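What follows are several structures.
Each of the next two complexes has chain A plus one other chain: chain B in the first, chain C in the second.
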Partner chain A sequence: MTQGFLSKNPSVLWFLAALGLFTLCVTVLSETAGVGLLSTSFIKTLGKTLCLCLIAVAMDVVWGYCGILSLGHFAFFGIGGYAIGMWLMYARTEIIVIRSLNSAAIPPTPEEITDAVGQQIFGVVGATDFPWLWAFSDSLFLQLLMVVLVPGLLALAFGWLAFRSRVTGVYLSILTQAMTLALSLYLFQNDSGLRGNNGLSGLQNIPGFEKTPQAVISLWFFWASALALGLGYVLFAWVVSGKMGSVIRGIRDNESRVRFLGYHVETYKLFVFTLTAIVSGIAGALYYPQAGIINPAEVAPIASIYLAVWVAIGGRGRLYGAILGAAVVSLLSSWFTGGGAPNIPLGFYTIQWTDWWLVLLGFSFVAVTLFFPKGIGGLFDLVVRKGDQK
Partner chain B sequence: MLRALIIALALCLPVSVAHAQSTGQSPTEDLQTVLQRHADEVANPGRRSVGDLIADLVGSGQPNVATFLERWQDKGVYQRSTDGLFFYAKRQGDEYALTNMTTGEPAGSVPTDIMTEIRPNGGVRRVIGAALVQFQLSDPDRARRVAALDAISRSPDADQIEPLRDSIEGEGDPVLRLRKERLAGHLRARFGKSTDDRIGAINELSSALDVETRSVLNLILTTTSEVAASVPEGTNVARILGVGTDISEAEAYARLVSANLAPAPIPRDAIKAALTANITDGRVGGIPVGQLGSEASRTAAYDALAAAGTVPPSVTAEIRRAALASNIFYDAYTEKDAAVTDAARAALDEVEARVARYQIIDISMDALSLASIYFLAAIGLAITFGVMGVINMAHGEFIMMGAYTGYVVQLFIPDYTISLLVALPLAFAVTFGAGVAMERLVIRHLYHRPLETLLATFGISIALQQLAKNIFGTQARPLTSPGWLDGAWVINDVVQIANIRIAIFVLALIFLGLILFVLKRTRLGLEVRSVTQNPGMAASMGINPDRINMLTFGLGSGIAGIAGVAIGLYAKVTSEMGSDYIVQSFMTVVVGGVGNVWGTLAGASLIGGLQKGIEFFNPSNTLAAQTYMILFIILFIQFRPKGIVALKGRAAGD
Partner chain C sequence: MMNTLLELSGVSVSFDGFRAINNLSFQIGEPELRAIIGPNGAGKTTFMDIITGKTRPDEGRVIFGEKSVSLLKMSESQIARSGIGRKFQKPTVFEAQTVRENLAMALSNPRGPFDVLLHRKTPTGAHRIEELAAEIGLIDHLTRRSGELSHGQKQWLEIGMLLAQDPRLLLVDEPAAGMTPAEREHTTDLLKRAAQTRAVVVVEHDMEFVRRLDCKVTVLHEGSVLAEGSLDHVTKNKDVIDVYLGR
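So, the complex of A and B:
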């Protein structure tokens, strides 16, 4: 983070300032710290939106800058969520179990506690034993490590296989889609060890903070999400600037030419793919404690396509564009589907937005692709002619 | 008046009996006569003694014996207390309407008080039922013969062998005759008189395939789990179980406990309860309560209590080991004769080997039909994606459109055959139109930007899906297949295939031929191929690339529509059915090799075969099968990135 980096990328400073201001406003307007204009559930929505913005930035880097249309990044997001969810669920169930066992005359043995926790967590899928996947679930540190390691290693292995055999373009997109489909199908099984389609639930309760009201916890997670987004933005801005950034964009524009110039294209692609997967995992780990529940439907292929939709609507190839797209589309989406938008009576038929929002989104998406290939972010170019992002 | 009538009747009846006897003089006696000879037994039958009566009845050869037995069993036979004669009677108000047993004609009405209802008990009714079976087996009514056979297979027993065998001779219906022979074989195998007879019957069974035969063999091979210090004399041992290898130690010990050969282990909860109950001054057995948070200290405390005699002693590891070592665990056949069980085992092995062979054929047929569904779903995509290079994420929604077209047609045309014939071309027309419209309005502007085509068509896909949901609702709509597509082609007891699957297979074959013909043999196909390979050159040869692209895309979409009708017949029609097939379809095309119809066929066969193959090894879990299949495909593409049938040379493009 040298002086040179920031002076070459003034948009980073602008973004950080805007994010900071936004965070401050939300904090002041929240119930806990001030005015109380924003409800706890809305703060959670905002916090979740920030996490979605973070994965959108990652998606933008891998697609908009490196030209890899990954339709599987939500798989990494989900893995991050599952990894943290396992600890949250285990630790919280353990606290409850110990409390109930302590009311007996005799102190519980470790075996009794493990059995009771297993019964609580896996009773719903007809099992009682802990699967091997949960081997580290009692340790927050190890599970946090999983948040980073599992998506990272999966992306590394997948990317290494795919890039090495020069699967590119559409084929790679379909392959990544197959990957996330396989993951969601696996998770849907009851004997996957992750509670099948019940998923993990009760994640909004943070072990050790039972007394803290959700209003406060939601604010903490909001701050954490804002911090993660800020750091992620700076990291990716750094990655896509300078010489490495030029190579990455070169790969997007003409992979063969970059290869002939002597760069090891596969390494760059693998680096970008893995790094963005890790950031996606972290975003997921912050998202799901705010959502409270994670289930296999979250990693269905359609989620990853939506991610590409956000980035395309926001504007590919500019980091703030991805953030705009994710924020605008996901907030609009929850506004429309949550019944926030007024219905339009046409006399013979009433347009109910809960039914028609997806139609609108679908067609507006076609319109954006056809008429505004630069997305919402492209509007900035009209205002600021000397925009340095390209 | 009434009395007079009764007396007249009473006088009349013996006369008629006497008359029958006097005129008949035949070796066969009248039914009533036989019954009168055993009057006490008929009126008050006993399970053991009723046999003679029934034998006599059957021996009399009277045609109405079966009717009598049935009515007797149903408590429809009454005895008149005035003269001891038997009648069929039916209550009508205060009176009974009598029926003469011999002639079957009405015999007037009598007051209720002079008739005694005969109520055979359950045991007797069973004996009667068994005797009835032999009549029913030769009954002229086919339904009753079937019912009798069903009754035998429900509760087979040794007495049925003879009547069943006797009835085979006169059986005219070949299906029933086969069934009778088979059933007689089953009965002989289970209840045959001699060992040789049974072994002979069992050996005959080994050529069968049906579930019933398998269950008969399994019944003969029923084992019970036993444990004893030494195997008793005369036991037909199936196998000796090794503790720790064939049977877990915990399971083996549980067997010992239930056979009263070892003390029951004290479960953890009971130990805890015992400790809780014996807390004195904050200590249990001398150990402070606070230290009882581990298994070791709990065991120590419990042993201390046991030593003091307050609780039963715990089962230590030594006791367990000694008990396990001094006993033999074995499975014993309930059938005592080892020769019979050996023969049954050999027969069952043979039957099962044959069943397994047929199952492989069955699985292959399943795989073939799944492959044809994937092929149908993907063939349209093979044209739009494979030939034109357009990624149409809305392809699945075209399938859905076709299916809904079929559904709407059925709403207007109630005859399913006609509606299907109308729906197929109409679905093609609708989706052809939709495809052309989409190509004109959207895709035309996005050639050379394949990834953006993907996103734009995805937008169309979610919009169409939601529109379908708004119009048709979220619940599944039925697309009923015509009657001649119901049912299945049954080859034998293991291999059978539903007609609808055959129809889909045939449809897939037709499409393969049609597409190949259009692409290779027609002017349109030539132009399509030329535009695909080099649009600029094709245009300078006078081909209009715009028009060709439009038609090609329309063709691919139209085929998706027809596939939708076929898939709708086989599965339910929902707004989400397209998304179920889209990823699979893309994989089919990619695995098969882009730009080649044969490749799509190969891809569909590989994916369908693989999925069914994996399901065969883990039948309970289709999700796992799909997961492994996708993983396999991901790996497969690493090694053959261009698919199974890779285009070479200039045709490969890029």
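So, the complex of A and C:
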């Protein structure tokens, strides 16, 4: 099967080759390998970008292929980040607490350790006890399970309610916005059990690897992100090829016709929505340890809208388009807003890109929608067509 | 003696007070070819919507098959799976996909997401697709995107998709609209051939086309059956003449 699948989808091989080459180049140029042309923080940025590419591919499948304009997929991304962040924070605080208590005369009891860890983590929101949400936070395995389970179950419940009632189009988009807004408002509360607007921090420190320099850890996460993106790409390329792809694109183009062919459209939508939510959760779990901090603003409605903009600019309905869009736009965004772009003095007014980047992005979005509906990915069609003519 | 395949009795449905279907009763056997005619607003499309589960009637019964299952509690996809196929008035094929993909999607295979995800092409499936394509005259167009087909070819493709579902009852809404005389003839043949083994209901405006189908005709008017019988019989019916020519 795999043989036939890859030979029928040459773009998958091309993408994997490009990703592999990119990973190799970054590794060679990193500080760890000795060249040191790329700083640790830049490698983290690249690793984070790979995670954003992964969620963009998921978004492309749910929107570009299945026609569900979800404006809430960053909620799943954030949940993945919180799930892994809880373990990272708990485990690291526990190590610090044990070390400091061990210097006391009497060895600490387990309760004393738990209390001290709670004090450390929840002191900022005026609490000391562990909320029920943290029940599994001492187990890496269980929290990794949460990375997959919580986004999956949330998407399953949300999708089941929405699709069963035949909510479609812009109404569904609004509902997904409401979902991510509700999640963000909940997380902002101090008594949510997730430290309110402080979020979870210090996630870049991996428990058990205190002695390992960040330069090395950043490379590990970069590799993990590249691996996840590669696997996710192959998974989704497989899902959207063949008969499943036919049915999914059929649902996008004419839902009721698919229904009269005997397919239960709602189940298919639920399948795509849930699968993409799970992958988004995994992407988030890889992103936030590289970012070091997660707070409720990350799952604000605007984040999911950006995601749709990336996919639209990159080119909907082709997986590599989503990756191009996410990579180009998010890297440009950090260049412009990070002060990388020179300000333009007009004499009477100075264009500062930190303020004007959003305007530029807005114009690009409108321009792409009007003039290049196929997005950046559409450029490949021109190349391929020229190649065919020869 | 043929068995009754589908039976509607006492079916009524209103939209905002307007009675689109009014105490309608209808039967069709298997195999049978039936034409339904009627002026605009007679309820022809609503009639099909009720059978395929798109519209729920306010009252009445819709019973299908020898086990007499009621269609009223089933979803559209369940009804389709139990053997009722529908062709819409406007040709609705998946234009972004090839003729082969369109037919493959319609083939009567398991319809669950995991069945479809793990589906593998089989020689029997490919053979069936070619057989169907030959029947609808699209054997040379299998790899073309169906959006590139002519209007008539799209209509045939949709009929082909219906046949691929292997239904017991086909509901066909204005299959000849916008077709050239030669295309109409092909369409008539297709429908007649299909009706040798199945029940086929054709909704049509065009009397000439109905005459060529050479079958029993049901005349609908204001949501109920006005007359039923051979075309000659119903066209001589005084009520039918009044409805079609105005009083």
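Things to note:
Rule of thumb we're sticking to: the second predicted complex is superposed on the first by the 384 of 390 C-alpha atoms of A that agree within 3 Å, B and C clash if a C-alpha of one lies under 4 Å from a C-alpha of the other, contacts with A are read in each partner's own complex, and residues count from 1 in each chain.
Quick note on the criterion: a contact is a pair of C-beta atoms (placed from the backbone, for glycine too) under 8 Å apart; a residue touches a chain by one contact, two chains touch by 3 or more.
Predicted, not measured: the structure shown is a model, and the values here were computed from it.
Of the two partner chains placed around the shared chain by superposition, chain C is the only one that A:Y268 touches, whereas chain B remains out of contact.
Counting residues of chain A touched by each partner, chain B versus chain C, the larger count belongs to B. Of the two partner chains, chain C is the only one that A:V247 touches; chain B does not reach it.
Once the two complexes are laid over each other on the shared chain, residue contacts for A:V239 go to chain C alone; chain B is not touched. Of the two partner chains placed by superposition, only chain C is touched by A:S256; chain B is not. Remark: chain B residues 268, 272, 275-276, 279, 284, 289-290, 292-295, 298, 391, 393, 442, 445-446, 450-452, 454-456, 458-467, 469-470, 579, 583, 586-587, 590, 621, 623-624, 626-627, 630-631, 633-635, 637-639, 641 touch chain A in the complex. Put simply, chain C touches chain A in their complex at residues 52, 54, 75-78, 80-81, 85-86, 88, 92, 94-97, 101, 104-106, 108, 111-113, 116-117, 119-120, 161, 165. Residues of chain A touching chain B in their complex: 69, 104-112, 158, 161-162, 164-167, 169-171, 173-175, 177-179, 181-182, 185-186, 188-189, 191, 301-302, 305, 308-309, 312, 355-359, 361-366, 369-370, 373. By the touch criterion stated above, chain A contacts chain C in their complex at residues 1, 239, 242-244, 246-247, 249-250, 253-254, 256-265, 267-268, 271.
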